[in-house]
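There are structures below to look over.
Next, two complexes with chain A in common: one pairs it with chain B, the other with chain C.
Up next is the complex of A and B:
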C-alpha cells in the first residue's frame, strides 16, 4: 500500500483507539481529581463493562441493535452501582488514605478479575455490532490530469468504527457540560477544590465521593461497551486500558479534563501510527518516554494545575 | 492534603504481617509432606502433576485440557488404574507464565511427590519449565506442539508423545497449499517462539514445493487491534497464511474480513486462530470457503470413527465441538486430544516398565522411548501415530478442512510420513 493511504488507515485506527482511551482515562481522571484516589481497579471496571455487555446482549437476543442499545444503557449502570458499593464498603472504610486506597483497589482488581474468570469463564465473547458496513475510502493523487480520485486496495473503515469515534465525542461533550454547566458539576468541582469547606457548606461529601466513583467506573464501562463489538469481552482485557489510562492521565494532568482528551488523542494516534510504520514496541517506548519527560519537565501534566 | 489516620499502616507493621503470613503458609505447605512420608509410596495412587493454564491468556485451552485430562484419568481408573494403582491428577495453575510454570514443576516434584509432571500448551511455558524438570529428574510429558522437544533444546526428561510438532505439521501441509491455493504466500504469526517455528519451518517447506513467502508479518501476542498491520500484506499475495493465539484471535479474523471485503487472497489458517471460538460468531461469515489446519476435526465428519465417538462422549463434547452442557462453550478440539493420548501412553509406559515409584522414573522414560507404533484406537482417538524415541516426538496425521456452510469439512488428510523429518537430536544417548 502507498504511504498516503497507509497513513490514513493508521490514523483512522489510531482515532478509534484514542476515542475509547479518552473515555476510559476520563473516568480515572475524574476519580482522582475529585477524590484523590488512584484507582488501580479501573481497568477491571472496563472489563466488567465489556463482559456485562455480552451478558445483556445475549439475554436480549432479539436483534443486534436492540441488544447493543440495552447493553449501552444497562452495563454502565450496573458497573457504576458496583463501584458505588465498592466505595461504601471499601474506600470509605480506609478513609481514602492514599496508600491504603492503592492497596485496597489492587485487591479489588483481583477480586473482580478472578470472579469474572470463575463465572464468565476464560473465553473471548463477541457482541454483534448494531451495524457494520465496510466503507471503502478514496484517495486523491496529483496525476497528469490534475487531482485524480481512486480507491486503494484495503483502504477502508467500518461504519461502526466511525460511530465509536463520534459517540465518544458526544459523551465527552455531555460530560463537559455536566461538569461545567450543571449543579451536580458545581458540587463535584467544589468538592474537588476543597472538600472540607464544601462539607461546611452542606455538601454531602461522602455521597458525592460515591457517585463520582460510580461515574468514573461507568465511563470506563461505556468505553468498553463501545469497543466490545470490535474487540471481544475477555476477563484479562482490563490490563492495557489501565496502563494506557495512567499514561494519558499523567501526561494530560491528573484531574484536568481537556488535558486528558488531548493526551488520549496523542497516545492513541502515536500508538496507531508508530506501530504501523515502525514497531509496536517503539510505540510503547515513545509513550513511556513522553511520560518520563512530562514528569521531569512538567510534573503537573500538560494542562494540570500546580498544587498549592 | 494527606490525612494521617489513627490506625495507619506503617511499613514495618506491614512487613511484619507479611512475614508472619508467609511463615504460616510455608508451615502449612510443609506439614502434609511430613505426614505423607509415613506411608509406603507404592501403596498409594500414582500421582500425575498436571500443569494447567487455569488463568492467564491460555485459560481457554487450560479449561479444556483439564476436562480432557480428567476424562482420560476417569477412564483409566475405571479400567483398573495403572499397575493396579489408582491414577490421581494433582492440578496446579501455571498462570500461562514460564516462571510460574517452573515453580509448579518444582512443587510437583518436591511437595506433592508426583511421579511425573504433565502439561501444557503454550510453548514459552514448556520452555521455561523443562530445564527445571530435568534438574529435578522428574519426567515431564508435554502437549504443546512446539518444535523445541525434537529440536534437541530440552532434555531427556521432557517428552512429547501425544501431539505432533509445528515443523511436522507445516511440512505435511505445504504441498496442499502450493498445489491447491497458490504459491505466493504472506504469513501472519505471533511474535514469539511458537510463531517463529511457523515462520522458519513453513518458509522452508513451501520453498521446497517451489512456492515463496513474499512477506512475513509478526504481531505481538498482546496486540488487540490488527487492521493497521494488514496494509503490509503485498498486493501479489495469493495465499494468506495466518496463525494467531490468545484472546485477540476473534478480533484478528474479523478485522481481516473487514479489511479485504470480498477481494482478498485465499486464506489458509491454523485453527489456533479460532480455537474455543464458534464459527457462528458474528463477523466470521467471510471465512466461508477458506481452509484450516486441524489437529483433530472439530465438527463430526461423515466417516467419524468409533474411537472419536467414544472420546467425544467421554470428554463431553457435542457434534459441533462444543460442550454438551453449553453449546456456546466451544472446545479446543484440535489440541486437547493430546492430553488424552499422552495419559494413555504414560499408562502403557508405566506398565511396560513395571513402574513402582519415583526410583523407576528412568525406566519409565526408557519404556516410552522404546515405543514406536501407536495404532488408531480408543487410546489414540485422533489417529495412528509413530513415536520417535530418539527425538522424544510423535508423528501423526494432519487434517486440512474447508469451511462449508459454517462447518469444517475435512478435504485432505496427510499421511504420517508426510510430516517426518530427519532427527536433530538423540536424547537416548544423554545420561539420566
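Up next is the complex of A and C:
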C-alpha cells in the first residue's frame, strides 16, 4: 500500500484508540477535577466494565445486537454503583486526604482485580460486535486527468469501529451538555471550585462526590463496553488504559475537560499511527516522552490553570 | 432568633473557640468585634456548620442548627457572605446567582428582586465572576446570599478592601435588610461603620465572648473600645 492510504488507515485506527481513551480519561479527569482524588483504581473500573459487558451479553444471548445494547446500559450502571459504594465505604472514611486516597485506591485496584479473577477466572472473554461489516475506503490522487478516485487494496474500516468513534463523540457531547447546561453540572462545577462555599449554599458535597466518583467509573466502563468487541475482556486489561489515561490527563491539564479531549486525540492518534508504522512499544515511549516534556515545560498541562 | 450557647470549636487539634454565646433577633444588627485571630470568622463558620462544634449549640427559632449536616443549615434561610467573598470564580455572575437560588424554595421573582438591589450586576450576568472588580464581587457575594431570602444574614467583613462609595452601598443594603426583619450578624473591623448601624456589639477575644453591649452604650463609653480592641 502507498504511504497516503497507509497513513489514512493508521489514522483511523488512531481515531478508534483516541475515542476510547477520551471516554476513559474523561472519567479520571472529572474525578480529579471535582474531588481532587487521584484514582489509581480507574483502570480496574474499565476492566470491570469490559468483564461485565461479557457477562451481560452472554446472559442475554439472543442476538449480538441485543446483548451489546444491554451491556452498554447495564455494565456502566453496575460499575457506577460499585464506585459509589467504594466512595462511601473507603474514600469518605479517609476524608479525601490526597495521600490516603492514593493508597486507598491502590487497595481498591487489587480488590477489584482479584475479585474479578476469583469470580470469572483468568480467561480472555470475547463479546460479539452488534454489526461488523467491512467498509472499503476510497483514495484520491492527482493523476494526468486531474483528481482520480480509486480503491486501494486493504484500505478499509469495519462499521463497528466507525460506530465506536461516533458513539464516543456523542457521549462526550452529552457529557459537555450535562456539565455546562444542567443543574447537576452547575452543582458539580460549584463543588469543584469551592466545596466549602458550596456547602454553605445547600450543596451536599459528600453526595456530589459519590455521584462524581460513580460517573467517572461509569465513563471508564462505557469505554470498555465499546472496546470489548475489538479487544477481549480480561482481568489484567486495566493497566494500559490507566497509564494512558494518566498520560492524557497530565498532558491535557488536571481537571480540564477540553484539555483531556485534545490530549486524548493527540495521544490516541499518535498511538495508532506509530503502532502501524513502527511498533506499539515505540508509541508508548513517545507518549511517555510527551508527558515528561509537558511536566518540564508546562507542568499545568495544555489547558490546565496554574494554582495560585 | 439566632442563639449561640457557649459554642466551642476546633480546627483539628487546635481549639479556636472556647465558649461564645450571643443572640441575634429579627430586625437587629449584631456586630462581632475583636482583634485579628480572635475567632470571629470561626464563629460564622460554626454557625454554618462548616466547623464542627465540640460543645455548645446553635439554635434558630428553637431548632438546633448544630445537629444538622452543614448543607442543611442554609436551607433554614441562613445566608452567608464569607470573608474574601469566596465566589465560584469560574462560574458566571448568573450561575453564581443560580447557586444561591437553588439553595431554598424561593419565589420566582427573587432573581429580579436581587438584581434590583444590585443593578450593576444586570450588565455583567454572562461575565466570569473572577473578572469582576472588587466592589462588584462583593455585590455578587451579597446578592448570592440574598437569593435565599434569608431570615438570618451572616456578613464577614463585607467592606474589606472596598472604596467608600461601595462601602456606603453595602451599608444601605444591610440597613434595608434590617428594616425587612432580617437578623444580621456582622463581623467588621471598621469601628465607625459598626457604631453607625449596629444594635448590639459582642467583643470576642481568644475565642471567648468578653462582653455584649448596645451600640448606644458603646457610643457613650468609647473607652470600652480601647479596653477590648486597643483603638
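As a working rule, the second predicted complex is superposed on the first by the 308 of 308 C-alpha atoms of A that agree within 3 Å, B and C clash if a C-alpha of one lies under 4 Å from a C-alpha of the other, contacts with A are read in each partner's own complex, and residues count from 1 in each chain.
The rule is short, and it goes like this: a contact is a pair of C-beta atoms (placed from the backbone, for glycine too) under 8 Å apart; a residue touches a chain by one contact, two chains touch by 3 or more.
If you're wondering where the values come from, they're calculated on a predicted model, not measured in any experiment.
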{"item": "Partners on chain A (chain B, chain C) - clash or fit", "value": "fit"}
{"item": "Which of chain B and chain C A:270 touches, first, second, both or neither", "value": "neither"}
{"item": "Partner chain in contact with A:105 - chain B first, chain C second, else both or neither", "value": "neither"}
{"item": "Chain B, chain C and vertex chain A (Cα centres) - angle in steps of 10°", "value": "140"}
{"item": "Partner chain in contact with A:199 - chain B first, chain C second, else both or neither", "value": "second"}
{"item": "Partner chain(s) touched by A:124 [first = chain B, second = chain C, both, neither]", "value": "first"}
{"item": "Touching partner for A:183 - first (chain B), second (chain C), both, neither", "value": "second"}
{"item": "Contact breadth on chain A, by residue count: chain C or chain B", "value": "B"}
{"item": "First, second, both or neither for A:154, with chain B first and chain C second", "value": "first"}
{"item": "After superposition on chain A, the shortest CA separation from chain B to chain C (Å)", "value": "6"}
{"item": "Chain B and chain C footprints on chain A, overlapping residues", "value": "none"}
{"item": "Parts of chain B lying in touch with chain A, wherever the complex brings them together", "value": "1-3, 5, 8-9, 55-57, 59-60, 62-63, 220, 222-225, 227-233, 235, 247-251, 254, 258-261, 263, 276-277, 281-283, 329-330"}
{"item": "Residues of chain A touching chain C in the complex", "value": "183, 186-187, 189-190, 193-194, 196-205"}
{"item": "Chain B-facing residues of chain A, complex", "value": "1, 5-6, 9-10, 13-14, 16-17, 36, 64, 95, 97-100, 114, 117, 121-124, 126-129, 132, 134, 136, 153-154, 156, 158, 230-232, 234-237, 240, 272, 275-276, 280-281, 307"}
{"item": "Chain C to chain A touching residues, read off their complex", "value": "48-50, 69-75, 80, 82, 86-91, 95, 98-100, 102-104, 144"}
